[in-house]
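One structure coming up, written as C-alpha cells, with questions to follow.
All chains are identified by letter, namely A, B, C and D, in their written order; residue positions are counted from 1 within each chain.
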Amino acid sequence: MTSDTPKLIALLSGPDQRGLVAKVSNWIFERDGNIIHADQHRDHEEGVFFQRVEWAIEGGRSAQEEKDAFRSFGDSIGMRAHVAIAGKKPNVALFVSKSDHCFHDIILRWKAGDYPCDLKLVISNHETLREASEQYGIPFECIPVTKESKSEAEAKQLALLNGNEIDLVIMARYMQVLSSIFLDTWGKPVINIHHSFLPAFAGAKPYHQAHKKGVKLIGATAHYATADLDQGPIIHQAVTQITHGNSVKDLVRKGRDLEKLTLAQAVSWHLENRILVYENKTVVFD
Amino acid sequence: MTSDTPKLIALLSGPDQRGLVAKVSNWIFERDGNIIHADQHRDHEEGVFFQRVEWAIEGGRSAQEEKDAFRSFGDSIGMRAHVAIAGKKPNVALFVSKSDHCFHDIILRWKAGDYPCDLKLVISNHETLREASEQYGIPFECIPVTKESKSEAEAKQLALLNGNEIDLVIMARYMQVLSSIFLDTWGKPVINIHHSFLPAFAGAKPYHQAHKKGVKLIGATAHYATADLDQGPIIHQAVTQITHGNSVKDLVRKGRDLEKLTLAQAVSWHLENRILVYENKTVVFD
Amino acid sequence: MTSDTPKLIALLSGPDQRGLVAKVSNWIFERDGNIIHADQHRDHEEGVFFQRVEWAIEGGRSAQEEKDAFRSFGDSIGMRAHVAIAGKKPNVALFVSKSDHCFHDIILRWKAGDYPCDLKLVISNHETLREASEQYGIPFECIPVTKESKSEAEAKQLALLNGNEIDLVIMARYMQVLSSIFLDTWGKPVINIHHSFLPAFAGAKPYHQAHKKGVKLIGATAHYATADLDQGPIIHQAVTQITHGNSVKDLVRKGRDLEKLTLAQAVSWHLENRILVYENKTVVFD
Amino acid sequence: MTSDTPKLIALLSGPDQRGLVAKVSNWIFERDGNIIHADQHRDHEEGVFFQRVEWAIEGGRSAQEEKDAFRSFGDSIGMRAHVAIAGKKPNVALFVSKSDHCFHDIILRWKAGDYPCDLKLVISNHETLREASEQYGIPFECIPVTKESKSEAEAKQLALLNGNEIDLVIMARYMQVLSSIFLDTWGKPVINIHHSFLPAFAGAKPYHQAHKKGVKLIGATAHYATADLDQGPIIHQAVTQITHGNSVKDLVRKGRDLEKLTLAQAVSWHLENRILVYENKTVVFD
C-alpha cells in the first residue's frame, strides 16, 4: 500500500443480521482490498447495524468502480451504503453573520490543512466579514435577510450553493433560521453550532438564559440543522465551568472558545465520513 | 495564631455601599482579630454585595461572644450576616432509598475526616441500607412512604430531624419528592443531587431522556431542594462525555461517579460555609 | 442470540498482513459465530496489527472448544491470541497498606456488580484494613514487610496468590515496591496506581514534588507494574486543576478522587479484556 | 462610580503580619477609594502574604497620584507593591517562528477586544508570517538567528523592544531559546508556551517523547521564561486525552488547540494583573 493507492470509506447501515462483519470484510478481501480500519455499532433495541469501513484498493481497480460496486453490494445485502473516495474533497460553504470567531477558526483550520475540503464560498446577511473573507481569498456573497425578503434570499442562497456544487453548509454563528423549505430543497447536510448544551436553553439568547438560571456550566452543541429549530441530531457537545462571578458578557467570551472547538470537531468528523444519522441521533465513529 | 485560636466564618450579604470591605476588616482588626481569608462578590445589576470572611480571634474573647457581636455589627451596617464558629460541627442526616453509591461515598468521606460534621442519622423509605448503615455505626431509621402515608411519613421525618438537632439534610439519591410543607416546616437547608445537567432533563428518568435525545454528554446537578421540583438554587454541576455506543445502563453506571463527585463537592462547600443563596442562585466562595 | 449463548473475547496481535480482518471474521462466521463487536489497530511504524473481537457462539459448540480452536487458528495465521470466555470470572487479589480510599472504591464497585471478577483476597503489610475487609466478607491476610523480611514476605504473598488461583493483582495504594523476582515468578498482570501524571513525579511523595514545582494540575496514572519502578505500560491517566491556594494536604485530598477514578477505569478495562500490551505501551480498545 | 472613574489594581506581597487586609482597605477607604475586588493568599510555610486589590478612585485624585501614593504606602508597611492603572494598555511584542496557530489566536483575541494591550510588533526568525502579520496591520520584523549570529540577533531584538517601549513579550511558538543575557538585559516579563505538561517532556520534541512513552494524555504549559529552559514559573496548564490510535502527527494537531487555549489564558491573566511570582511559582488571582 502506497500513499497513491486509492482508498474508500463506506458508511453502512440497515437491519442487523448474522455475519455482516464477515460479509463486508470478505467482499473487500476478494476484490483485493485491504481493510485499514473498521468499526461497527449495533443498536440492540432497534435491531440496526452500523459500520464504517475504510480500505485500500490494491488490485488495480479504480476508486469509482469500487465505489459503485460496493453500493450494489450494499443493496444486495439490504444495507444502505454511503461511499466516499478518500482524498476527493467536498465543496463547503460557510454561512456567517457579524460574529467572526467561528469564521476565522474554521478558515484557519482549513488553511492549516486540517480539513479535507474546498472552502468555496462565504455567504452572509451582512457585509461585516467581506474584507476578512477576501483577504483569505474566499469569495464572499452578501444576501441581506428581512422577514419580507427571506424566501427570496433563500432562493439566492440555494442558487449559489447549486452553482458552486456545494456539498456541505457550515453555519458558523449564522444568526438566521433556515426554513424547512430551504432545508428540503437543498437536501444536503447543514452543520450548525448552538451556544448552549442542548436541550437546555434552545432558542434565542442562551447565555442570558443560563445566567438567569444560575447554572454552573455553559456549553455548546454542534448538530445537523433540521426544520425543527435546535432539535436536529446532535454531533458533539462540550461545556465549561462558570461561577457566580461571571457576567453574561463573560459567558459570551468564554463561550466563544467552546463554540469554536465544538463546531471544529463536528466538521472534522463530518469531513472524515465518521457520522451516520438515524432516528434524529448520530453514530460517530471516532 | 495557634491551632487552638478560635476562628469565625461570616457570610455577609446586603445592599452594596462604599467602604464595606474596609468597614468589615476594620471591625475585625479593632477587636484583635486576624483575617485569614476574605473574598467578596458584587452583583452589579442587583446592587448586592456578598462577602465571606474568615478570621482568628486573638484577643482572648470567646467565639460565641464575637459571633454575636459580628451579627450586631452586620445589623448596624444593614447587612445580613450568617456566622459560624469554625470547628463547631453541624449535625447531618442522610436521606436514602435503595441506591447506595452516594450513601457510601458521603459516609466514607466523612469517616476519612473530609467533612467537618456529625453524621447523626440515616433515614430511608426502604430497609435496604440498614445493615450497611449500622456497620458504619450510624443509626438507621426506615420510614416507608406511600402516596397515602406521605404526610404522616414526613411528620415522622421531621420529628427525627428535630429530635436529633439536625442542621443539614443530604438527599443522597432519596427517590422521593419532599413536599413544600415539609420544606417550609423544616426551614433548614436540604441538598439534593439530580442526575442530569439541569435545566435539561428535570423530573423522572433523566438518563432515559438523555439516551432518547441522543445527547453527547450526561451530567449531575447538586442543588438546594425547594418546593419547585428540580428548580432549586444550583450549587455545582459536572458532566461527562458519552457516545452512541452507550446504553441507558451505561449512562446509569457512568452517571454514578458524576453524582458522587458532584454531591460530595456541594456538601463540602456547604459545610465550609462557602455558599450564599439569593434570587434562586448561589454565590460559591471557592 | 440469548443471554445464555456462550461468548468469547479474543485479543489478537502480530505482524500486519492483508486480509486479517476478513480471515478472522470468516473463521468466526464459518463456525456459526456472530461478531458482536470488533475493533482493530495498526501500528504502521512497527507493522503490527492488533484486534479485539467479541462474538457469540451460536452453533452449539462449547465455549472451551471454540477458545482452543481460535487459539490454534491464531497460531495458523502467525498471530498471538489471548481468548477469554465471557462471564468466566478471573480471581483478583487486592494489595493495600493503610490508605483506604482505593480499597473501598474497588470493593464497592465490585459489590455493585460493575466488575466481572471474584475478589478473593486482600493482602496488606498492615492490620489497618482487616476489620473493614472482613466486614465486606473478604479474607484479609497481613504480611508485614521490612527491608530484611521482604523476600520472605514476597514468598508468602506468592503462596497466597497461587493458593487462591489469583489471575490479577490490584495494588490499591500498596506502599511497597514489588521486586522483579516477585513479578517474574508471579508472571501475571499487576495493576498499580501512581499518584502523579507519569512520567512527571515518578518515585516517592509525588504530591510534595508537585507542590514544590508549582504545577497547576495534579494527576494519577494507572499502569501495569514492571520491575522498573513507575515505568510500566500506562493504561489510563487523569488530571485535575489545582491553584496556588492548595497545600500539599489539599493535593492529597483532591488526588484521592483522581486515584480512585483512574484505577477503577483501568481495572474495568482489564477485566473486560480490552487491553493489549506491547513495547511498554498499551492498546486500549474502549 | 462611573465608567470614567479612574481605577487602580495593586499586587502586594511581603512578610505576613496581623491586620494587613484592614490596613490596605483602610488606606483606600480614607482616600475616598472604593474597593471593587480584593483577594489575598497566605503562604503559611513561608510566612508570605499576597494580595490583589482593585479599586475606584472617587475623590477626584488622579490615577497617577494614587498609584505613587500606594507604592509609598506599600513601602511603609514593608510590602512590595506593583500598581497598574486600569485601562492603561501595556505594549506587547509577539515572537514567532513558522508555526502560526498561536500567532493567529493571540492576534484575533486582541482584535476581538479581549486583550487590554497594544500589539505593537511581531518579531520572527523567519519571513513566513510577514504577509499575515501585515494583513493584520501589525509591523513585522524578521531577525534570522543562527548559532553564530545569536547574540547579534538578540541585540537587534532588544533594540526593537526598547524602541517600541514594549512591556511584555509573548513567545507564540518561537522556536528559539532566549539567552540568559537577553532575559537579564530585557528585565521584563516573557510568557512562553511549552507543548507538554511540564515538568514532563521538557526540552525538544515533546510530542515525540510523549508518543514514545505511551502516555494517555498530552498537555501544554504556559510559563514565564527564565534562563533555565522550560523551568520558569508555571502560569497555566491544560491536558487532553489521547489514545493508542494517535500518531505523533495527531498529537501535534490535537496539541495546537491546547497550546492556543493555554497561552491565551496565561496572557489574559497577565494583562489583567492577576499574577504574582515568587520562589519560581505563581500566585494567580483568578
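Just so it is clear, a residue touches a chain if its C-beta (ideal position, glycine included) is under 8 Å from a C-beta of that chain, and two chains touch if they have at least 3 such contacts.
All values reported here derive from a predicted model rather than from experimental measurement.
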* Asked: Which other chains touch chain B while also touching chain C?
  -> A, D
* **A-B compared against A-D, more contacting pairs** => A-B
* What is the chain whose Cα centre is as far as it gets from that of chain A? -> B
* List the centre-to-centre spacing of chain A and chain B in whole Å, with centres computed as mean CA coordinates. => 42
* **Gap in Å, rounded to a whole number, between the CA centres of chain D and chain A** => 37
* Structure fact -> Residues of chain A that touch at least two other chains are none
* Can you name the residues of chain B that touch chain D in the complex? -> 18-23, 25-26, 28-29, 34-40, 42, 58
* Asked: How about chain B: which of its residues touch chain A in the complex?
  -> 41, 44, 197-201, 213-217, 219, 233-239, 243-245, 247, 279-284, 286
* chain D to chain A touching residues, read off their complex -> 100-101, 104, 108, 112, 114, 135, 253, 256-257, 261, 264
